[in-house]
Amino acid sequence: MKPGATPREVDAVVAVVESIGFRAHPMPGATRTAIGITGNQGPIDGRRFENIPGVAEVIRVTKPYKLITLDLRPEKTVVRVDDATIGASELAIIAGPCAIENRDQAFAVAETVQQSGARFFRGGVWKPRTSPYAFQGLGEKGWKIMAEIRNAFGLKIVTEALEPPHVDLIEDYGDVIQIGARNMQNFSLLRRAGRSKLPVLLKRGMAATLEEWLLAAEYIMAEGNYNVILCERGVRTFAQHTRNTLDLASVPAIRRISHLPVIVDPSHGTGSAYMVTPLARAGVAVGADGLMIEVHNKPELALSDGAQALTPSQFAQLIAEVRAIREATAPDSNKTRIQNPQNSEIPVDALANR
Amino acid sequence: MKPGATPREVDAVVAVVESIGFRAHPMPGATRTAIGITGNQGPIDGRRFENIPGVAEVIRVTKPYKLITLDLRPEKTVVRVDDATIGASELAIIAGPCAIENRDQAFAVAETVQQSGARFFRGGVWKPRTSPYAFQGLGEKGWKIMAEIRNAFGLKIVTEALEPPHVDLIEDYGDVIQIGARNMQNFSLLRRAGRSKLPVLLKRGMAATLEEWLLAAEYIMAEGNYNVILCERGVRTFAQHTRNTLDLASVPAIRRISHLPVIVDPSHGTGSAYMVTPLARAGVAVGADGLMIEVHNKPELALSDGAQALTPSQFAQLIAEVRAIREATAPDSNKTRIQNPQNSEIPVDALANR
Amino acid sequence: MKPGATPREVDAVVAVVESIGFRAHPMPGATRTAIGITGNQGPIDGRRFENIPGVAEVIRVTKPYKLITLDLRPEKTVVRVDDATIGASELAIIAGPCAIENRDQAFAVAETVQQSGARFFRGGVWKPRTSPYAFQGLGEKGWKIMAEIRNAFGLKIVTEALEPPHVDLIEDYGDVIQIGARNMQNFSLLRRAGRSKLPVLLKRGMAATLEEWLLAAEYIMAEGNYNVILCERGVRTFAQHTRNTLDLASVPAIRRISHLPVIVDPSHGTGSAYMVTPLARAGVAVGADGLMIEVHNKPELALSDGAQALTPSQFAQLIAEVRAIREATAPDSNKTRIQNPQNSEIPVDALANR
Amino acid sequence: MKPGATPREVDAVVAVVESIGFRAHPMPGATRTAIGITGNQGPIDGRRFENIPGVAEVIRVTKPYKLITLDLRPEKTVVRVDDATIGASELAIIAGPCAIENRDQAFAVAETVQQSGARFFRGGVWKPRTSPYAFQGLGEKGWKIMAEIRNAFGLKIVTEALEPPHVDLIEDYGDVIQIGARNMQNFSLLRRAGRSKLPVLLKRGMAATLEEWLLAAEYIMAEGNYNVILCERGVRTFAQHTRNTLDLASVPAIRRISHLPVIVDPSHGTGSAYMVTPLARAGVAVGADGLMIEVHNKPELALSDGAQALTPSQFAQLIAEVRAIREATAPDSNKTRIQNPQNSEIPVDALANR
């Protein structure tokens, strides 16, 4: 739509799209609103829309994905949860234990997270475990603890849904729906999350190509939920010094294609506490919009993933280090601007953002 | 050896080791000299050495590698080439074209490299190419250009040896012998490089585990050359958005095991110019001792690997950005120290270095 | 249980197990019945059971999986669907189109399948597709066609469930529940299938280790459904000449650990029709209990996976070839017995079965 | 060249090619001789050759490889070593120990190999070992044992060259030069082998794509040695139940592109003796021209790779089984021909060979 298009004009275009049997996806941006169209088999004649008042241009997206693309929305999506953001200038920190184990553990970790200045608390209530005989999470009991933490600490709650009914529960007391690596192509779950009002944090599958991951995000957006955050958590390779191989090149690769924010999970991405901080630094340096970090008050006693959880003091150190890097690489930092041969300044991240 | 052990005492231990048919590897450190022993089948009775004057303790290394370990040398190796270093506080930058194509190209790029403050110039003279019909490098003609650049710009010359006779030539006019990913387990070449006085930059093989890579370094060191620099350049995985998947977790993993310096090559590690700068930032942030970067005065005309070469202005921007990160993460930076709960300061990189 | 244990004795043991809060899994075998116990945290004192009448011995399974192991059931499981079997001497052939597209297509392919002597008809009704905009299957309309085929041709119906409600529908008109590679760790779906009376065909995930795959089978069995068939369909690797890399070594690897039957899917395992027959031959030669093959009456018009579907005449040729191999490698074949040095005969497959 | 072209006519074409600065590669076939041309940068005007006597047609090969292609030579290459063949109807068996350890071991294994009817004896004299401290082979001493075995048993000797000088030695007493997985892109070694009169067995690199592997063969052929045998030995993947993942789909994939024979090495391809026989059966069933098998008289005492070596009796059993499969799948077998709809017979392997 044109920069000054009115809501009424947007609605009129949506109505036309729907009248011919397709689905319209209006996405407001800083200066103008884009309207994605899905549901068509093959190309639509764009001239049909060109003369509707307020329409600036009709762009055909020939890629397998539509709604996630910079073609549709050239500026980065900022996901907002009350006053917290993911994708804006603030570095988003999502931290907490792998699993909620009991009230004391959850409150102890939440306090650490809050003190660090992080805005999001993670914690598994329903745990996807490789073995049927391993601890499967506290379930609803854990969910009540999460609701208490939200009230007590003002942290935004991020938790993983394993099946569509979990989304219903998260909608009652949570803030962000996480979809885990194993469920990246659980299409029923993606569609259900796509019909939610809550943002969705979509982890990359263990063996997912970039295209498959972006198309999984497209599944969510095709249902009308445009608040999707991508999370790189490593892929499975032959390497055995880490649990997964963290593929940080996915961050600039996504930037070049999509407007969606991307965060990095160095905890699952490495599987070893001693590597989490270096890879968190790398994640921020590569240009991620945030981090997801596992913290435990007593990692040696954790019921799951203890080997990769940071202690409170290690976590505090991590936060100090990544903030220093974020500051050093911020677009308005004096340090990282240089005089280029043509005498004009290039902001940091300029290459990554193109 | 004890901190105050004399050269004569060291020589005496070496003589004993050799007298019983083994090889001694004396490695001087900041405070004391370690002497590695190889050539034994199975354990040696350590008591044999304990009472020789100057000997502090006898440590048995039960890992498959010996000389690369922190057990033998607890402090990081600093490789020195005249006044330039790799592994010390200075961030080592090795830059230049994929291949030396002609005198004009090489001089143009060398000027860019020198102006950036980088100390090392890379450039392939003998190129390992997948196809027998692709440009194979200028050979000796290119080698003469390299010698000229060394004189004209004072840059240290890093070039790849494909076979043992290349090492002879590099010893005449070069500074660092590069061993490429395809030759990481070319054991004849490793042994020849191990008998050279020049430092060896050893790239990780495309499918090399950490152990295989460290054992390739051990091949070089077992011949008596202890100046080995490891270079992470990505591994082959299913991912197709990059030429290789850059495995930055190898940097903290090596730190935990070995005293050898590690650098990162984001050019081969990604294969796309637009990703080189973000991944270079990540490489410095994760704790690498340096970077290897492909630069070309006219990437669109490059005879090999043009898609991943930076232009001079992109390279200048990269240098500005990685220096800002290095400064922000340096051990003496104020920004990255925090008060920990026990009121003592933890330096940045403290976790990574353990 | 002892070979002659009565049903009443078996029931008595089950009652004891349940009385102490665990779950009993009685599995009758050719000569004796094994009873698996799950639900315990840590070891149980086995002496508790040793003196119950009919009990032969108490074996502790220390592996992460219990019910899938040869420790529990030393002979191979034979899955029976009416008079058809998977895991017995008969080579099980499951064939049909990727997706049910319409009645004519489905009937044409079913006729081909029936004529070949195959007993199982596959066809997707709900299709898991990477893109939300690709053909998603006919859904319930397709399901009615499947029911017609079952009646008309007497073929056993194998179809994939994408979510728990699909299992309800398959229970009405189908014979075998397929769980696809993308859902191998969709634990809600595994548990629902574990509560069904129908056999479950469990495909290996794209990046699943053997242990993860076997534990996914364990999820199904832990709910009480012991009729699980494993299906090797290739894993994701760097290789690009095939869609997936068919890992035939998984067949002897499973044989060494588990009593579950294993089949091979060379259609998804290669992605190219010209490779399906050679790899089907290999699958039978390696010792698989059956094959899953995509056949289409007009592959060039298929709505999904046309590149890997065989024509009816290619499929007939495949059947002839794999039967010849099965016959040549059957345990009672004269050709494949040799006099060994100790003058006793070793049956074919002897190594593989140990 | 035309079917009846005389040697003189072939020589005349070669002379023309060389007169314009290119290299001619005459390859005689069953019915006609093909002449490959390399050394050109970009296309040559083919009309230049069309009117030379004996020339049938000029075909431009646009693929990255030239000499390995079916475009150049439509029938399969048969490599002949005296009266033994690889690539003809006979199944080629290359067997022996990983390394020659001493005269007794080598003779004991050679006797087993000879009795099985195999024609080729393998055995490492120079061993590429991951660790510099592992057994590196007997070197020249082992080479003398190999020469004795050749005389005593009439077996053809296959041994691995690790560096160009080894090729000189193999030329004196050996029959086939093996180039190992680690050296697949050791281009100096490939070129040296390309200048030998002996056939070259080229193993696939651990992370080699099909194209890289075929281009490595092209390196050998571009030097004038057209007797190249490809050997699939597995690739490195995330899977951990085997040492490598044997990629049997490479066999039909190569058949579709190249005239070179292909064999399979299930010993390195699995790393476990219990899997070797099943995967050997699969290799023959998929259409390989031969097998390479590790056999040891006392695997439990082997100095290298003992876990994957077969005992003499296991090896005899393997031979019986793979011969049964070869016979069942041979083009003239009655069992595997069917009447196709057009009433003409399709020979087994027909699909694989196209």
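As written, the chains take the letters A, B, C and D, and residue 1 is the first residue of each chain.
Note that in this section contacts are C-beta pairs under 8 Å (C-beta built on N, C-alpha and C of every residue); 3 or more make two chains touch, one makes a residue touch a chain.
Quantities reported herein were computed from a predicted structural model and do not represent experimental measurements.
Rotation relating chain A to chain B, from a C-alpha superposition: 180°, rounded in steps of 5.
Here A-D and B-D were compared by C-beta pairs in contact; the pair with more is B-D. Each chain gets a centre from the mean of its Cα atoms; for chain B and chain D, those two points are 37 Å apart. Spacing of chain A relative to chain D, judged by their CA centroids, is 50 angstrom. Counting partner chains per residue, chain D has residues 207, 235-238 touching two or more of them.
Here chain C touches chain D in the complex through residues 207, 209-210, 235, 237-242, 245-253, 256, 269-270, 274-279, 281-287, 312-314, 316-317, 320-321, 323-325, 327-329, 333, 335-338, 340-342, 346, 348-352, 354, going by the rule given at the top.
Remark: chain C residues 38, 64-66, 128-133, 162-164, 182-183, 185-188, 205-207, 211-212, 215, 218-219, 222, 235-236 touch chain A in the complex. Those residues of chain D whose C-beta lies close enough to touch chain A in the complex are 236-238.
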